[in-house]
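Read through the structures below before going on.
The following pair of complexes shares a single chain, chain A, combined with chain B in the former and chain C in the latter.
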Partner chain A sequence: MRAYKPKDDVQKKSYYTDRYWIAPQVPTSKVEDDAVFAADLAAIKAKFDVSDAYIQVEQMVVYIKPEDNYAVLELLRDELGYTQLSEMSAIDWIAKQGQFEIFYQMLSMSKRKRLRIKCFIDEKQAIESVSPLFRSADWSEREMYDMFGTIVNNHPYMKRILMPDDWEGHPLRKTYPLQGDEFAAWYEVDRIYGKEARAIIGPEIRDSAEVDRLDTERFSRLGFEVPMGAEPKAADAEPTVETLQEEGGVFLVEKFDEADGHIIEDRKR
Partner chain B sequence: MQQPNRLRPFFENITFDREDNEMIVNFGPQHPSAHGQLRLILHMQQEQITKAHPDVGYLHRGMEKMAENMIYNEFMPTTDRMDYIASSSNNYGFALAVEKLIDVQVPRRAKVIRMMLLEINRLMSHLFWLATTALDIGAMTVFLYAFREREYLMDIIEDYCGARLTHAAIRIGGVPLDIPDNFLHDLRVFLNKLPENIKDYEDLLDTNRIWLMRMEDVGVIPEEMALSWGCTGPMLRASNVKWDIRKEEPYELYDEVEFEVPYSDKCDNYARYKVYMQEMRESAKILYQTIDMYAETVKNNETELMAHAPQYISAPKLELMTQNYSLMQHFVLVTQGMRPPVGEVYVVTESPKGELGFYINSQGGPYPYRLKLRAPSFWHTGILTDLLPGHYIPDVVSIIGTTNIVFGEVDR
Partner chain C sequence: MAQHQVNYSQDGGLPIALTSIDKVVNWGRSNSLWAMTYGLACCGIEMMASGASRFDFDRFGTIFRASPRQSDLMIVAGTLTKKHAEFIKRLYDQMAEPRWVISMGSCANTGGMFNTYATVQGVDRIIPVDLYLPGCAPRPETLQYAVMMLQKKIRAEKAGKAQRPKRLL
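Moving on, here comes the complex of A and B:
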């Protein structure tokens, strides 16, 4: 019987993990330890639900409700001095809990502090766009949609950004195949030549090391070369006898003699 | 969405039959001054741009996806291919993020060498920027001069790590090699000559009429716009925000060296040009200081180059060859990879282009669960949407030039 492989996470797995191995944790500290973060958290908590908050590697992490994202970021920008949205994206937890985790990485230049606002949304749940607050979110949200398929409401120009417009699937999901699927193999053939050419051209060869002896485009008929325009030789044909031009003693062409060569010791600049 | 086929290809919802005078121009993705694979869809009234849509993704290689399926050390050479003009900066950003995650201390000599590499990379990147931008605007001489200097730096880097473009010169926990014999001498020769060289460029450009016409009051990015678009690095500093991560959130030994943070309140292309030129001088200043710092580590006999953390980083070669347990640990680290603790970090460094951030979410496995690369050029490309309208088509070239975008980094 074939070994069972989960379909909801097709990413590479460690081939061996000790049975009794327990992963250590990156140490976290309480928000109260840092006065600036404590004040920021109090300001957020006064208006919004905060499910969890801690400091990890010098940055505060705050978990909020997904429907509060716009209001929280507005509060951070206008009242708490977090004027830049450095980064935002999602993390795929669908295999584990059917959710995406969205994070907003904020920077306050006046306080020299960075904090991370996080929230969980369900797979089909939409989240409000924050691009009216931070223009940088315009492209980040497009990238997030492109990579994860998360739905963003009220975005001015929601469209794929890195992948082609008609691409199927969202590459950073854990369910996305690593090797390129059926769709990817035919993508360029369909786009360039049309579906009717599939039988003539065949699927895209995704193994870069593959050598097809009958392929006329990739110069790989090694040992079975034919004159230009001629039909490729049959699979059981005799290999072409190859003679190099310089072996016959051609005028002005000298064959490189390895024994004659030397390596320059000191390179002049 | 319109279904594309060979007779009706899909072009970004562009309708070609229009009643007004609006013209749509496809700038790139193969335009020589687009600095890589940038495609701009420009809506124009006469020569004036009314709407701009930067289209990126032509160099998308899925680095984040690759990272999720690689052990941490394996990913290091891939980071070279982000900002390939200054690849050690990317190596360093990634190494620092993982070091924060596993909490190791890098030996002092490794830190000094890393700082040298970072500043050499900054100089290389800025020289490249100057060369290509000047070339776009028609200054062929500056291009040749700047590439001559960059070539010298690439030779220095080659002496260190053997590679010229994709260095992979930094490891998680330190650096693989000590600097070679002639390295400091060569570097000093270069640095002594650099002020003259920069003066040459400035003599050619500073008061050049063509340069001023193409640069002054073109591509003005107000402070609010720069902050809102997430601009960092020289783009932000030329927009009147004095923010340099090396100064504000110092990493490595940047708190021990003295340097200025150049910034400008003019916000235009010319301001960015001046910031780049000044930054080159500051980098040279830092490099002089790192040479002294290196001499100090030699004097104090601090020879270690890699951090000591046997559960994450292989022991030195001598130990591997003499101690069985170290060899076993090394074997596990190479075949299975290190397993950082469960947690997440977002670590920023000041790359030549701006804030280069690595967000790593580790679930205790040998592969990162999620790795987000925060590349500065991504937003420096995005800002073109708001920046270009109102400008004329020749300005597009000089604006793309001064944003200093590199598409390995935009598309990742």
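Moving on, here comes the complex of A and C:
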């Protein structure tokens, strides 16, 4: 049976979502199906706690405890032949369970296998750096900190890597707005010209179709010519549907004359 | 010894051309617009193509310089990120006056498709822009046309007068 989801906020959503849509799942299989992975998993399980393990798209996924991440990766590198850390980062599950999921994507050239080590950490919980084991983890962990705000212990140079050093917020969190928060919107103005310049430069124009009719510097006036830099007059304001035709408003929106109209008595006529 | 022949019945009677200071200064300025190498993204590739032999910016007198001190023209070619914004301001300030700016491509004009937290929504929020060049990315011919339009603009300016106060501070 399908899990019940409250649908009260359907009206608040700006886009259509199918109520009966089920997210497709990539099929998983048991680790025992693959002899190489089964041996690897047995070696990990002999020393560490493994909460879950399965094979997905020919890659083994192993869930471990976050405290064991350094030791597990050391075991994989030195004894099991997974000599490369091809990727690592975090996934934001804070809205769902208040945790980040950290994953380490490993590659073994000798076995021609890839496996993924995963663990969950709480929002403020720190994780041990694996950059002493893999040089590739150095920048990856910095990027993870930059984008998600996950703290990494014993990293040689824990500093933002993509965003400016004085940036506020971590942009890949689900709660971070795509077009930026207040700080991001004024970042370059504040930094270069100072906060006083905000009023002069003005807010960012995020609407790509925006046309300011009264701005003669940057837009041409449709219908009649106005010299560049001319001061806008009240008469230049665009007529709206509230303005009547007799008063220079839009066509067909006329003043209602009661003498011209008649009242229908029989509503079912 | 060759004799210098002057035909006083032609050319208004004199072997000289009369013009104004404005015209002769602007003739020089507009025909040697040295552009700063400022490729920020894919528009930079088109800008390089414009400078190379097929499209050949040299015949406009436009040669790319690697230093703002030697440049008259800044072609902002590409996406300006917020992290980079202070550097474009600094480089613009290092250019000697008179100086001009072409904002090349949608990203430099308005932020373009990068309607995100990290992109400056139009380079004119940081530095004053003389010419906006639309396109994503504009072809080299378009950039050539933009430079020709800028030359036209320069030739219409007063040479002695300081540049018109810009919109930015």
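FYI, the second predicted complex is superposed on the first by the 185 of 269 C-alpha atoms of A that agree within 3 Å, B and C clash if a C-alpha of one lies under 4 Å from a C-alpha of the other, contacts with A are read in each partner's own complex, and residues count from 1 in each chain.
We adopt the following convention: contacts are C-beta pairs under 8 Å (C-beta built on N, C-alpha and C of every residue); 3 or more make two chains touch, one makes a residue touch a chain.
For clarity, every value in this text was computed on a predicted model and none was experimentally measured.
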Which superposed partner A:Glu188 touches (first chain B, second chain C, both, neither): second
Broader residue contact with chain A after superposition on the shared chain, chain B or chain C: B
Which of chain B and chain C A:Glu258 touches, first, second, both or neither: neither
Chain B versus chain C as contact partner of A:Ile200, first or second or both or neither: second
Chain B versus chain C as contact partner of A:Gln179, first or second or both or neither: second
Which of chain B and chain C A:Pro171 touches, first, second, both or neither: both
Touching partner for A:Tyr15 - first (chain B), second (chain C), both, neither: first
Touching partner for A:Asp266 - first (chain B), second (chain C), both, neither: neither
Partner chain in contact with A:Gln105 - chain B first, chain C second, else both or neither: first
Chain B versus chain C as contact partner of A:Met163, first or second or both or neither: both
Contacts on chain A seen with chain B and repeated with chain C across the two complexes: 163-164, 171, 176, 178, 191
Complex interface listing, chain A residues touching chain C: 163-164, 171, 176-181, 184, 187-189, 191-193, 197, 200-201, 204-206, 208, 217
Chain C residues touching chain A - in the complex, by the definition given at the top: 82-83, 85-86, 89, 110-111, 115-118, 120-122, 125-126, 167-169
Chain B-facing residues of chain A, complex: 11-12, 14-17, 21, 23-26, 28, 56-57, 59, 61, 83-87, 89, 91-92, 103, 105, 109, 112, 114, 116, 134-136, 138-139, 143, 147, 160-166, 171-172, 176, 178, 191, 194, 269
Residue ranges of chain B touching chain A (in the complex, touch as defined): 1, 4-6, 10, 56-57, 60, 62, 64-65, 68-70, 100-101, 103, 152, 155, 225, 227-230, 241, 243, 248-249, 336-337, 339-348, 355, 357, 359, 361-367, 369-370, 372, 374, 378-379, 382-383, 385-386, 411-412
